[in-house]
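Below: a set of structures, written as structure tokens.
Two complexes are shown next, each including chain A; its partner changes from chain B in the first to chain C in the second.
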Partner chain A sequence: MDEAVIILIRGIGSGAVYTLVAMSLNVIYNATGVLNFAQGQLLVVAGVFTYLWYPDSSGTGSLPWIAVLLAVTLVVTLVAALQGWLTLLPMRSGSDQHSWIVTTIAASIVIGAVMIFVIGPRTLALKNPFGFFPLAGTQVPYVYLAISVLAVVVHLALRWFQRRYLVGLALNALSQDLDAARTAGISTLPLQVLSFAIAGAILGLTGYLGGHVIGVAESNALHYVIFGFIVAVVGGLGNNTGALVAGPVFGVLLMLVSFQLGGSAEIPLALAVIVIVLMLRPEGIFGRLHARRV
Partner chain B sequence: MASRASTERAPARVTPTRHLVRPELKRELWLSIAIVTLAVAVPLVAGSTYWLQAMLLANVYLVAASGLNILRSQAEQMSFGQGAVLGVSAYTMALAVGVWGLSPLNGVLLGFTAGMMAGLLMSLPSLRVQGYYLGLVTMAGALALPEVFFLFEDQTRATTGVNVLPSAINDIAFWQVDWLTIVILACSIGSLVLTGVVRSSRFGRQLRVAGASPEAAATLGLRSGRLRLLAFGLASVCASLAGVLYVLLIQYVAPGSFTLSLSILLYFVVVIGGAGTIAGPIAGVVVLYVVPEVGLVSLLDYRLLIYGAIAYTVIFLMPDGVVGGLRRIASSLRKKAEPGGGIALAALLANAPPAGAPARAGTGETGAPLLKAENLSARFGRVQALDGISIEIGRGEVHAIVGPNGSGKTTLLNALSGLVTVDQGTVWFNGEDITPVNAGGRAARGLGRTFQTPRVFSDMTVWENVDCGPSRKGASTDWIEKALEGVRAQWDGIAAHTLPHGQRRSLEIARALHRAPTLLALDEPAAGLSPAERQELSSLLRAVVAATGASVVMVEHDLELVWNAADFISVVDAGKVLVTGRPADIRHMPEIRRLFAGVTDVPG
Partner chain C sequence: MTRNSGFRALLGIAVMALIGATTGCGGDTGGATTTGPIKVGVPLALTGPAATVASWARMGVEMSAAEINDAGGINGRKVELIFEDTALDPTKAVTAINRLINQEKVELIVGPMTSDESLATLPTTTKAKIPSINGSGSAITPQVAPYSFAMLMNAEHQAQKMVEVALDKYGATSVATLNYSGTQGKIGGAAFIKTLQSHSMKPTATQEFKFPVTDLTPQLLTLKKSNPQVLLSFNNTGDDTGRLVLGLRQLNWNVPVIGSYATTFATQTKGVAGPDAFANLKSVTWSAFSACDKAQIRPQATDFIKRAQARFDATRLKDASYDYMAVYRDALFILKAGVEATKSTDGPKVADWIETKGAEALKSLPVVHQGYAMSKTNHFLMDTSSLALVDAGEEIAPGIFRRLDCDK
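Then we have the complex of A and B:
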């Protein structure tokens, strides 16, 4: 009984992290068509700065948690915006529109190398900042609750932002048709950089709250982003509602397998999930099938 | 030297003009072979074991990267799994020799086979998904491989890794050169030759069409799924070979050697070196492996930083990779105009003997239409694209389908070509019910097709663009094929990217005619053409019918072209044919006047 509760709580918690990564991928994908491989490293950046600045973990400083949260989010937002700008720059001139595959992976490698300089190759022990609450005989850290709430809040905020504000509408329009948006006089580059910044902000918040849930390590950066991709694809690429549902299910499944067979089984399972979903329903659970132009 | 012999032997089998490696690629191939040979020979002469070992490993990576180059550039398949294929092959061989006690030869065979199996597994998703979905699946596969080794730790000895002792292949063959050096060099030269041969072959061009446009491939009668698997097969051969060479060279394997980073390295080597070129992977291995790992070994701590920075900088400065970028700089310095010129398809057809047409018209029952579609319906979601449409296309006629946007014209054309499956209705072609036949089968029966946006590969010559369908069995008896064969040498000298838009249409029509179709389906052939080009197109279509006896069915918005070129016009609206008739008969009908109210003067 206890084990089932732990699997469920931990699965939903880590699943919420992957949902948030998936939603941050979707934001950029919808605005630019780019799948940003560096998002995993951006999550690591958030974890590293949380570790450095949080009073409990480093022992120095005594900033209130909200200040740390905002500072971490700001840093990751700026790094993401810079990385986005560097990714979009060659795409505007080059005839080959696939340069982003190389540039985002290269960015991931560079950020990772810098993070190793800063903190070394280790898993960061990020402390649980909010204490525990009892549930079914176990003590559950509040961050598990907080990260799940964050996933829902980010989902609603993105929805609201895209409907309420002209910028949001314009970002939405980019996803419908990039060329049409350009013709309509929407200047695309600042908006696309903005989408990277929004994704960075999401990852900053996620890294602060989720660091304790998944255990941040530079060497796992690609795992985070690929798990995020898998959740995004299972939910339907570009569809945040799909990601919100797919994340926790995926997280619980991973945790279950991890408990039964050990941590090494997680990625082979993830591979199986993505292969099965793509074979049966390539457009994802909530995705729309786009008609191919013939 | 061995490659020289094979270069000269094969052409004798086919026609004398055919080259195993295209003449303009030969210089690059020889240069590439010289570079890899020197890279191994110089450290040998200088007696530097350190550099020799590094250069041999660079050559092993080159073998795998060349295979990926074919897969990525020729077949346009995105794979991040080649490192995993290499890893499975290497690890299996190491286990076989180092743990199970098999002989090195059996180990090589077993490792190679295991690599091929892994490659096959990696390729299966390509039958279902493409683009970055495929990239994601293969990447997940590469990420999973080391974990799988750890999952079966007792069998794989994942924590300690596996040692393999030197064998007879490490013996000296002559002077200071051991057999392994010779084998690795031979494999690396072989992979370069393979790239050149595939790039020059019709098979390579078929891969290209299948990768770039599965629809276009289907209407040419190509089976793109099979072609994709073959491309993955070639890449797997190279990666598996690299895997066994890796074990023979390094004599030790551990899961950490075959992480996703290796697959990413191979992908980067191809793209950053210059995808689609023979020398590209060499340049890629140099800038991404030799420079950061070997050359700047004193800066080992900054290795990843340098590696990532090089990758980004090259792509930023040269989007086509090092070799592509250098080539662009060289051609802009030379200021030499590309060999241009036009293709005069209409003039070619005008020379057709008058007997050409009736020869074909005689086939099939006389009087019966060439193609007959009855009561076709197709629904996409809530849109009823075709609503019980019927159409007949006679022999040797130009039949135009006109109608407002969204009336179902292109869907009708797709339903006739087999690209869209209809919910109900029947299609007869040459008296045969072809409703259950797919696009490839219909192409084989003589149904040709062009698309709204011309599918022209600008980095190939005009002839290469024309000759990319499946090879035809038996001798070509059709006049048109012989006529095209006659201009082959000339068209092979024209770079396709020098063609203006109108000529690209002609090129696509020539590509379809090369298959000697009895019915040619054209989707908006006049789109984007100048008035003069439309005039040319109009006479070209008449010439096609006159010279080959084939029929033409086209969807077209340009009414002037329709009125000039068509024998029959079908007006389509809301998924139904409103009226069919000769231009002169229908131009006063109220349906026509209403539909084309914007057109002030209906010619005729």
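Then we have the complex of A and C:
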């Protein structure tokens, strides 16, 4: 029983990281149709800046934590916006281009190369800024709770933003029909760049709060983008509620399989479950079927 | 952009590209020249999760090449190193080896770094009859690798040593095991069980983890539930060792841990788990870099460390494991000795010399490590006499760990 509780809490926390990556993918996908494969790198970039600036980390920084939080979020937001602008530029000449596949992968590689140049290939160890709470005779980092709360807050904030503000409504319009939104006079490029910036902000916050439980290494970026992508697809691509549910479920599933059947079964069985879900509901658990023009 | 079925196909292509699933071409026998510089291919995981460790290997090979060139080269030919990145991916390693052999026309190879990569590339190097020394720690036999030798500790030897220590030093009557999911880790895990069986024991529980790992809680919960007196752990790097220590600490589980060679990567481990990471963790490592006191330190080891510190700046040497650097440094010297003795870079000739005369010849050659024992039946460079149990958290000199058999 104790083990089940520990796995549940830790699984939800680790899955919340995938939720946040998935929601950042969704924000961009809804506004542009692009799946940004550089999201994993941007998450690690956030961890790197946290390492460099956080006062209790092993870096050289000495700023107050709130200043570091804002600075990290701002930097990753700007990097993501710049990357988004570069990604979207070649797509202006047509509505059905797939140049983004190359540009987002290229961006991922370039960001990774810059990180290796700056910090080297090592894994950065970020200190636990929040301490631990006792659970069933063990200690669990508060980071897991913090990252879970962040996932809920981001979900609610995005929902609120997209319903209460004109810009948010316009982003919603893009997600429903990009061409129609253009025809209606919406200036799509700034809005789409904004979606990259919002995704960057989500990853900035995630990298800061979750740095201790995320392996901050260039080589881990691929893991996070793939697992975030899996959560986004299972939850229903573009659906943040789906991501909010699928991430923790996925996280708990991975840990439960490791505990019951051994670590060797973790990835194969977890992926098998995902395949079954997609066979039963190809649009994802919370995904909606879209009418297609023919 | 219209979201249709073609979109999914494109996603598939993109994910495949991200994963780097490019396959290497089959290669013909290399057409190396016998004049000019002697090209040495060095396929290492320069990027990816083992890039830090690869940077140490790179320094070791660079040191040996510089020292050999300063002394006149190999048979009068200067050594030219050709590095290739494998990203710790066996598929990319095959591509790298094909390029080294077919385009660069290398005559010798040092690398790749792991059993998975080595096993994937050996058919190509064997076909090209290139003498090589790889960084495998398992599965290298004269049948699998007729012209290649493994420089790392044999995973089975490590496992045997770890079990012996658990039973003899700790007096354990119950042992649990943990290993990473790479080939070397799996072979180490299987060797734990086999060795325990030879003592009429079986592990209370076994677990495995995929590298890289960020939370070992589920694995450790399984092991803790079985209530062992000692935990044996076959790790891959200092990062996963640090995660292991963090996990044990967070579960409030004070079980003694005996770790494989990778648990000696102390700086990495302490970076993750703090300065007291080795309080309950002891490790198997090469005896050449261990001692009970300063007077016992092997001079070849201290000389090597001094030369490394003189050659490389502090940034490159940060966190470096000198014993790992030294094994890559020795590898090129062993190939050099074989080429000079046979006056050839032909795989069968060089391999035959290493098998029959190498171990004896190395006693008078400037190698750093000890315990070399290659033979017609053993393609691991070093045997169990090269192993020692140490406290990797305590250095009696930079890069030299304190042995645990000092009290005897």
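Operating definition for what follows: the second predicted complex is superposed on the first by the 265 of 294 C-alpha atoms of A that agree within 3 Å, B and C clash if a C-alpha of one lies under 4 Å from a C-alpha of the other, contacts with A are read in each partner's own complex, and residues count from 1 in each chain.
Here, a contact is a pair of C-beta atoms (placed from the backbone, for glycine too) under 8 Å apart; a residue touches a chain by one contact, two chains touch by 3 or more.
Everything numeric in this text was worked out from a predicted model, so none of it was measured.
Looking at the shared chain after the overlay, A:214 reaches chain C, while chain B stays out of its contact range. When chain A is checked against chain B and against chain C, the one touching more of its residues turns out to be C. Within the superposed three-chain model, A:270 lies in touch with chain B and out of touch with chain C [touch as defined at top]. Using the contact criterion defined above for the overlaid structures, shared-chain residue A:107 touches chain B, although it does not reach chain C.
Using the contact criterion defined above for the overlaid structures, shared-chain residue A:255 touches chain C, although it does not reach chain B. In the superposition on chain A, A:64 contacts neither chain B nor chain C.
In the overlay built on the shared chain, the residue A:139 is in contact with chain C alone; chain B does not reach it.
By the touch criterion defined above, A:131 reaches neither chain B nor chain C. When both complexes are overlaid on chain A, the residue A:35 reaches chain B and chain C alike.
Residues 35, 95-96, 101, 105, 108, 112, 116, 222-223, 226, 229, 262, 264, 266-267, 292 of chain A are contacted both by chain B in one complex and by chain C in the other.
Partner chain A is touched in their complex by these residues of chain C: 1-4, 7, 10-11, 13-15, 17-19, 46-49, 51-52, 54-55, 181, 206-210, 212-215, 217-219, 221-222, 225, 239, 242, 249-252, 268, 271-272, 319.
Residue ranges on chain B touching chain A, taken from their complex, read 78, 125, 128-129, 132-133, 135-137, 139-141, 143-144, 147-148, 150-151, 215, 260, 264, 267-268, 271-272, 301-305, 307-309, 311-312, 315-316, 319-320, 380, 410, 414, 419, 451-452, 523.
Residue ranges of chain A in contact with chain B, taken from their complex: 35, 86, 89-90, 93-96, 99, 101-103, 105-110, 112-114, 116-117, 222-223, 226, 229-230, 233, 261-262, 264-268, 270-271, 274-275, 278-279, 282, 291-292, 294. Per the touch definition, chain A reaches chain C in the complex via residues 3, 6-7, 10, 14, 32-35, 37, 58, 91, 95-98, 101, 104-105, 108, 112, 116, 120-123, 125, 132, 137-141, 178, 213-215, 217-220, 222-223, 225-226, 229, 255-256, 258-259, 262-264, 266-267, 290, 292-293.
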